[in-house]
Amino acid sequence: MDEKTLIAKRVALELADGDLVNLGIGLPTLVARYIPAGRHVFFQSENGIVGMSGPIAGAENPDLTDAGGNPISALPGAASFDSAMSFGLIRGGHLDITVLGGLQVDEEGRLANWMVPGKMVPGMGGAMDLVTGAKRVIVAMQHSAKGESKIVKRCTLPLTSVRRVSLVVTDMAVIEPTEKGLVLREVAPGVSVQDVLKATEAELIVPANVPEMALAA
Amino acid sequence: MKKLIPLADAVALIPDGASLLIGGFMAVGSPHRVIDELVRQRKRDLTVIGNDTARPGQGIGKLVVEKLVRKVITSHIGLNPETQRQMITGEIEMELVPQGTLAERIRAGGVGLGGVLTPTGVGTTVEEGKQTVEIDGKTFLLELPIKADFALIGAKQADYYGNLTYALTARNFNPLMAMAATTVIAEAEDIVPLGCIPPDTVVTPSILVDHVIAQEKRHG
Amino acid sequence: MDEKTLIAKRVALELADGDLVNLGIGLPTLVARYIPAGRHVFFQSENGIVGMSGPIAGAENPDLTDAGGNPISALPGAASFDSAMSFGLIRGGHLDITVLGGLQVDEEGRLANWMVPGKMVPGMGGAMDLVTGAKRVIVAMQHSAKGESKIVKRCTLPLTSVRRVSLVVTDMAVIEPTEKGLVLREVAPGVSVQDVLKATEAELIVPANVPEMALAA
Amino acid sequence: MKKLIPLADAVALIPDGASLLIGGFMAVGSPHRVIDELVRQRKRDLTVIGNDTARPGQGIGKLVVEKLVRKVITSHIGLNPETQRQMITGEIEMELVPQGTLAERIRAGGVGLGGVLTPTGVGTTVEEGKQTVEIDGKTFLLELPIKADFALIGAKQADYYGNLTYALTARNFNPLMAMAATTVIAEAEDIVPLGCIPPDTVVTPSILVDHVIAQEKRHG
C-alpha cells in the first residue's frame, strides 16, 4: 500500500454516518474510496453541491464539477446552491469534517497550507473558511517533504488559520493537537515511536501506549 | 423582450477600465460568449472579480492571456500559471480573498450591507490593514462590500424578462454577482417564454437583469 | 372621486415602465389599479415575490398572499424568494419606488409611520428597510387627520428613517421635500394654494406656478 | 429515512423555556401541525422568533393566545391585538426588529458571521443601545446574529433525507431559520422519494434538517 492510500484509509475511519464532509483537492479526495460499509457520508464540494460522488464515464456534464473543475457525479438526494450558501454551510458550523492537505502544522496545532512566499501563491481558495468553520479539521499529508519535517515547532509559512486543527494523519503517525501540545496517538504499520520522533521537528507528547493505526478496508 | 441584445452590442457597452464581476468557478458557469467577445473587442485595463482565473485558455483565463486585465480580486489562481506570472512581474495587481469572504463581500454589495464581519482570516496575513471588531468575546474581520460596473452572468435558462436559472455547480457566484453591479448582462444556454420558469424555480429575478444576450441562429 | 382614489391616481403617474415597486398595505395598494396603459410595472410583495397581481376569485392559494396575509395572484414571469433576498432587493437599491402610508412628514422630509407611543405599537415590519433602501420613497396619505395637519414642522412620533422621502401625495397637494424645505408642487382639483397653506402645520415653499394635479385615468 | 419522526415525539424534544425560530409570514408557511402540538403539550415560557405573530387564532398567534410565550423577537404585531395586550401588560417581553434586519440577523447566525452592518434604523429608536460603525463615510448599525435552540420549519415538500422545497410566498423566513438552530424540525405537506426533488430545486439541503415530521395516514 502506498503512503497516500495509507493516509486515506486512516482518515476514512474518522467519517461517521450522516456526516457532512468536505475533501480538499488531491490526497484528501482519496478518502472517499474507503468509507466503511454501512456509513452514509454526505460529501460537499465547495463550488456548490452536497451529495457529490465520483465521475461516471460517458455521463460527464460541463455544469457538474468539483472545486478543481474536474467532472463529478451526484447521488439521489443531492442539493446544489450558490457560493454564499456553500460557505454559509462551512462557516456556520454545519460542516462536520474538512480534510485538507498541509504544508506545515506546528506545536500549537496551526496549519499553513496556502502559500510559499516567493515561490507558490495559489491563493487560499476555500481553505481559510474551511479551517475556520468546520467542526473538525483533519490534515492529511506526508510526514516530511524533501527530508524536512512538516510537523514543525512553529509555522514559518503563512498560516491558514489560527484555529487549532483536530487531527493530523501522515504516512508515519496520527497526531492530535491539544491544549498541551501535539500528542502522538498512533503509528503507521512498521513504524516505531522512535522513527516518528526522529522524523519530527516539533516536540511530541508520547502516551504510555501508542497503538498501530487502524485502517479502513 | 426589450432586454434581448446582440452579443457585440452588449459588450460594446463595456468601456476600457471597467470593473467586471464575472461568474463561474474554474470556468464552469462563466459567460463564455461574452468573454470571447471581450477578447475580440479588445477591452483593456479591466478589473476582474471572480472566484478564480481558471486555466490559461479557459474562461477568465482568456482575458489574462490576452493581457486585458489590470487588476484581479479572486480567491484562487493556483491553476493558472499565467496569472501568477503576471502577478509576479507586476503586470496584474492582485487582491487575494478567502472564497467565503469573497462570496459574502459581493453579496453585501448587492444587498446594501455596510460590510461583512467574518472570523475567516483573523490572525493571518488576510487581516493586515483591516479593522477588527470584538463581538461577544470573539474577533471578526470587517471586510468591505464589493460592487462593480458590470456583472457578466452565465445562466442555464433565461425567460423573456430575464429571470434566470442555473445548473448544478454552474450556479456558484452568478446569483450573488447579479445583485452587485450597476449593469447586469446575462448569457443563457436557452431563452424560454415567460411562464416556462415557475416562480419558485427562478434564482435571479428578472428585475436584476439589464440585458440578456440574444441567441444566434442555431437551428438545423 | 373619493380622497383615496384621488391620491392613488396621482401616485400612479410616478410609476415608470419597468419599475420595481412595493406598495404598502392599505391606501398604497390602490395605486396598482391606475397604472397608465402601456406601462409594465413589477410589483413586489416583501413577503417574497416579484410579479404579484390582484387576487382571482376561486383561485386563491394558501401559499400565495401579500404582506398582510391576503390572497394575491402572480403574473407570468413572477419570481418568489426568501426574506433575505426580498430585503436584499429593498436595501440593496434594486427597488425603484416604495409607496407607503404616513402618520407624519416633517420639514426635513422625514417620515413617521410605524408607531404612536402608548397607543399603537404595530411594529415597523418592512417600513424602515423600505424607506432606507428604495430609490424613491413616495408617501401617500391624507393631508390631515382629526383636523390636525400630518405635514408637521418636526415629527413628534418616532421616525421610520432619517432619510428624506422623495414625494408626498395627499388629498390636497403634492409636496416635494428638498434640501431647502418642503416645496408645494401641485394642488388637488378645487383646492387653492391658500387652502393647502391653511391646512399645513409645516412651512411650505410655494413656487410662482403651482399647477393642478394630473391624475391617471 | 431515519429522520422521519412522529409529531408528538418531535415536539416532546422541545423543553419548556426553549427558544424557537418559527417560519411563516402571517401564518403563511408556518409549521401548523407542530404549532398545534406545542399547544397540546403545553410547552411554556417559550422565546419565539418570527416575522410576526399572525392573528390571535392563527399560526404563532395560537401560542400567544394560550400564554405559552415569554418573549417575542419579531418585526410586526399589528394584526394581533392579543400580542399587543400582553406586551403592554408585561406578560410578554418584546423585541421589535425591522423585517430586513431580522432576516439578516437570522442568516448571520446561520452562516457564522459576527453581525450585520445595516443602514436600516440609523437615527431611529432602533439604534438605541447599539454600536454603530462608520464605513466609507456612512453610518451602519451593528445588529447581532440570532440563533435558537430549535427551528420549526413549514415546507412544501421534503424527501427522505430532509431536502426541502417551499411554495411561493410560503418560503419567507423558513430557509434562513433552517440554518440558525441547534435542532431543525421540518413539517412538509408532502414527503417524496429521493430524487423527486432535483438538486437545483432543493432550497434547504437535507444536512441542515434533523427531523421531518412523519405523515399521518391520510389515504382513502
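Going in written order, the chains are labelled A, B, C and D, and every chain counts its residues from 1.
One rule holds for everything that comes next: contacts are C-beta pairs under 8 Å (C-beta built on N, C-alpha and C of every residue); 3 or more make two chains touch, one makes a residue touch a chain.
Since the structure is predicted, the reported quantities are computational estimates derived from the model, not experimental observations.
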Original post:
Which chain's mean C-alpha position is the greatest distance from chain C's?
Top reply: A
**OP:** Could you please state the distance in Å, as a whole number, between where the Cα atoms of chain B are centred and where those of chain C are centred?
**Re:** 35
Subject >> Between chain A and chain C, centroid-to-centroid distance (C-alpha), Å >> reply: 55
Original post:
So what's the Cα centroid distance for chain B and chain D, whole Å?
Top reply: 32
Original post:
Among the residues of chain B, which are close enough to touch at least two other chains?
Top reply: 104, 107, 111-113, 118-119, 166-168, 171, 199-200
Subject >> Set of chain C residues in contact with two or more other chains >> reply: 49, 74, 80-81, 84, 87-88, 90-91, 133
Original post:
So that we know how the chains sit together, what is the shape of their touch graph: line, ring, star, complete or other?
Top reply: other
Original post:
Between which chains is there touch?
Top reply: A-B, A-D, B-C, B-D, C-D
Original post:
In the complex of these two chains, what residues of chain B are touching chain C?
Top reply: 107, 109-113, 159-161, 163, 179, 194-195, 199-200, 202, 205-208
**OP:** Would you tell me which residues of chain B are touching chain A in their complex?
**Re:** 25-29, 51-52, 54-55, 74-79, 84, 87, 96, 98-104, 107, 118-126, 156, 166-176, 203
**OP:** Spell out the residues on chain D that touch chain B in their complex, using ranges where they run on.
**Re:** 104, 108, 111-119, 133, 135-136, 138, 140, 142, 144, 165-168, 171, 199-201
Original post:
Taking the complex as given, what residues does chain C use to touch chain B?
Top reply: 20, 42, 49-51, 74, 76-81, 84, 87-94, 133
Original post:
Which residues of chain A touch chain B in the complex?
Top reply: 45-49, 61-69, 74, 80-84, 86-88, 90-91, 120-129, 132-133, 158-162
